[in-house]
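Have a look at the structure that comes next, please.
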Amino acid sequence: MTTINKQVKGPAEAVADVHDGATVMIGGFGEAGSPVELIHALIDQGAKRLTVISNNTGSGEVGLAALLKAERVSKVICSFPRTANSTVFPDLYRRGKVELELVPQGTLAERIRAGGAGIPAFYTPAAVGTPLAEGKESRVLEGKEYLLEHWLRADFALIKGRCADTHGNVVYNKTARNFGPIMAMAAKVTIVQANSVVAPGGIDPEVVVTPGIFVDRVVEVPSPQHESELVAAGAVYP
Amino acid sequence: MTTINKQVKGPAEAVADVHDGATVMIGGFGEAGSPVELIHALIDQGAKRLTVISNNTGSGEVGLAALLKAERVSKVICSFPRTANSTVFPDLYRRGKVELELVPQGTLAERIRAGGAGIPAFYTPAAVGTPLAEGKESRVLEGKEYLLEHWLRADFALIKGRCADTHGNVVYNKTARNFGPIMAMAAKVTIVQANSVVAPGGIDPEVVVTPGIFVDRVVEVPSPQHESELVAAGAVYP
Amino acid sequence: MTTDTREIGWTRDEMARRVAIDIPNGAYVNLGIGIPELVARFVPQGRTLVYHTENGLLGMGPSPEKDRADPELINAGKRHVTALPGAAYFHHADSFAMIRGGHIDLSVLGAMQVACNGDLANWSTGEPDAIPAVGGAMDLVAGVKSVYVITQHCTKNNEPKLVERCTYPLTGRSVVNRIYTELAVIDVTPAGFALVELCPGVDLEYVRSRTGAPLLAR
Amino acid sequence: MTTDTREIGWTRDEMARRVAIDIPNGAYVNLGIGIPELVARFVPQGRTLVYHTENGLLGMGPSPEKDRADPELINAGKRHVTALPGAAYFHHADSFAMIRGGHIDLSVLGAMQVACNGDLANWSTGEPDAIPAVGGAMDLVAGVKSVYVITQHCTKNNEPKLVERCTYPLTGRSVVNRIYTELAVIDVTPAGFALVELCPGVDLEYVRSRTGAPLLAR
């Protein structure tokens, strides 16, 4: 009998200790992989002045967009803060209510992976010669110019999986995998919502995508909501 | 009907174009994942002055040890060139017949991964303050000292998988996975021997470990030989 | 059928088809959002291309029938797609390892401006109230083996998009290999823009008049 | 049972058991080759530890019955092992991301020398004809949260292994947290070696006489 059990009762318990000023990575690319229930629990919980690291900024007034709308986020680190039906972030940004650090998508992914892998900095060719290189150290290696980029780490990561076991092993659904596995590595406390939570042995060790060592809490959300359906229905959270 | 088919007839055809002086990554940790049939085909093929990147140096006088014994390798880049039943490399090394670049295992893995991921250099804390830091650039980041390490890339990678499809997607067997997925990324030509080769669709896209984009040739070796069994039987190749 | 109303030059579909003709069998291809997405419809008979979408899928197939769409199976433009036999899913760091590591053969992108030295601007007008958004464009142009641009030859205001020097913020320096417009196929060479092919019925002097930098004939 | 013949002090098994007592439930632990491997046998009742082996397995279990061994399911010492329920396989870069990224709670390693500032030497005697081999030791000591050393107090020639300053080539600088020998449990503190516990029947002055640097009593 294993004495490890990372399952917690529900989203509220899972995010209860997110503190004001925390850095929070939120998985998802568009709505695929967006942990809507964890985000809503975070809105209910009330933590403020968050730095959010996520590829986008949500759509409509649910999920990540609702967290922004509630003015809980002071800074966003992302690659693409605009999407269809995305009005909350543009409005806050134009009003100076939220800071933006814009990062090329591959650099964003690699900085997060570096944070998880204990690599404090690395060189990348992306953004050389562009405005996003301003203020960055550059270096010529083997005749080509690269920028020095630093790791990204977080206090919490909120991630959506398809299935998790109570040791924290996770598998994902299709392109909802995206930032989940690397964010799980880069946060002090990684929280996964999964459609199902199973006992150890319920996931074949050959197909585990995120090993349990990277996961601190798992919470079962059997029928997660989809952002596009909520937006289409005109839903507003809370 | 797909018009992509990376399957080649046998190991001999798979390694036919390895040139003298080539850099060759060879998968495996000890015997697990060692592509014995591809290595033997490379011995038959005759390429010389190879630089081999592999975690170990083989055992007995089969597989990687046999390639060394045949004096086809002028340089080895590895983390642990000694193992039980390993006499070929120590003998060549003491006689000055082979050069050794010793790399900490995690740095070796990360340098290979960096080669595959287009990251020319990165900082790591491993080996700081040790003889393996000599001659390396170091840098303090966030108050801690790190070494600058450069990517490793190769002309060829020889890898062993459990199953591959004709598009080059690969899954592995247990701890035989080890260096396979990262070496597949880091070589110009990646050659995979697999116990079975199946049609596209024969591997669930959710469980693919090495996507086909990293693989150039697959060859079916239905009952691969195990180094330990060969050594126990006193086998010598060729 | 197309809703294109210009009087001369290729339609968007024809432009996309012209791009597809140049892509060899077995190529790994990333298609940008917008006109580039059309290219996938025109793969010549007897060829298989493997489409990569940077949000974690290799072997992307066409849109699903509406009742089979999965909100978690989308492309970089956030449209529903499918996965073909031989596909693979992977996470974002692995996906951009494919891009940055030079494993993708070709990226087909849209453009705001392309300079005669291959500089590309396609992510921002640099206007002060614009919401800057870059996505994966800078990684793509820095990493893939070839970059093709597919674009209208001029803006809606008839200003050339092929220019001496980009005035918009760059996506990458000296990264574009070839440009497909409704008027012509043009290579970026060390000597500048060089004509590869004119659209039937379009003459070279007309293309030159719509181009903001010298255009070499071959 | 043990074949250990020393007259005083803990046996190897007892040393390993003493280490195990200090490891909390749920810890992720990497065990070095040799004596450290013994630790896995002594997990206290009611605790679950998750063993990591750097060649790509988390959730490593004990050796299999001989006829069930798989030559491709081995540990870092190349011995046959098993995978427990809840295990996961992964590649080498991911495995060392766990190590370097600080995700492994504890590494238990053997030692040639440990200095009173925590320096560790455990990979090479530095002799000219030695075949240098480092494996994952340098990554482990640089990355995991805590490093415990389990070792005989002295070499076979009765030279102290706990020293003022390592004379062998280092594995890492200031990396060891705690040392378990047959005589005592000793912490590495900012003030140097500090006694945690004596083996029953062993007195402090004897331990000091076998130690190459000052040993603080608590």
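Chains here go by letter, A, B, C and D, matching the order in which they are written, and residues are numbered from 1 within each.
Here is the rule we go by: a residue touches a chain if its C-beta (ideal position, glycine included) is under 8 Å from a C-beta of that chain, and two chains touch if they have at least 3 such contacts.
Please read these numbers as outputs of a predicted model, since none were measured by experiment.
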Separation of chain D from chain A in steps, with touching chains one step apart: 1
Approximate Å spacing (C-alpha centroids) for the pair chain A, chain C: 29
Chain C-chain D separation of Cα centroids, rounded to whole Å: 55
For chain A paired with chain B, centre-to-centre distance based on mean C-alpha positions, whole Å: 34
Multi-partner residues of chain C (at least 2 other chains): 57, 83, 89-90, 93, 96, 99-100, 143
Chain A, residues touching no fewer than two other chains: 110, 113, 117-119, 124-125, 172, 174, 206
Contact graph of the chains (line, ring, star, complete, other): other
Which pairs of chains touch, using the document's own definition: A-B, A-C, A-D, B-C, B-D
Chain D to chain A touching residues, read off their complex: 25-26, 28, 46-48, 50, 52, 57-59, 83-90, 93-94, 96-104, 143
Partner chain C, residues of chain B touching it in the complex: 2-4, 113, 115-119, 165-167, 169, 185, 199-201, 205-206, 208, 211-214
Chain D contact footprint on chain B (complex, rising order): 29-33, 55, 79-84, 89-90, 93-94, 100, 102-110, 112-113, 124-132, 172-182, 209, 226-229
Residues on chain D engaged by chain B in the complex (per definition of touch): 53-57, 70-74, 78, 83, 89-93, 95-96, 99-100, 119, 124, 126, 129, 131-139, 142-143, 169-173
In the complex with chain B, residue positions of chain A that touch it: 110, 114, 117-125, 141-142, 144, 146, 150, 171-172, 174, 206-207
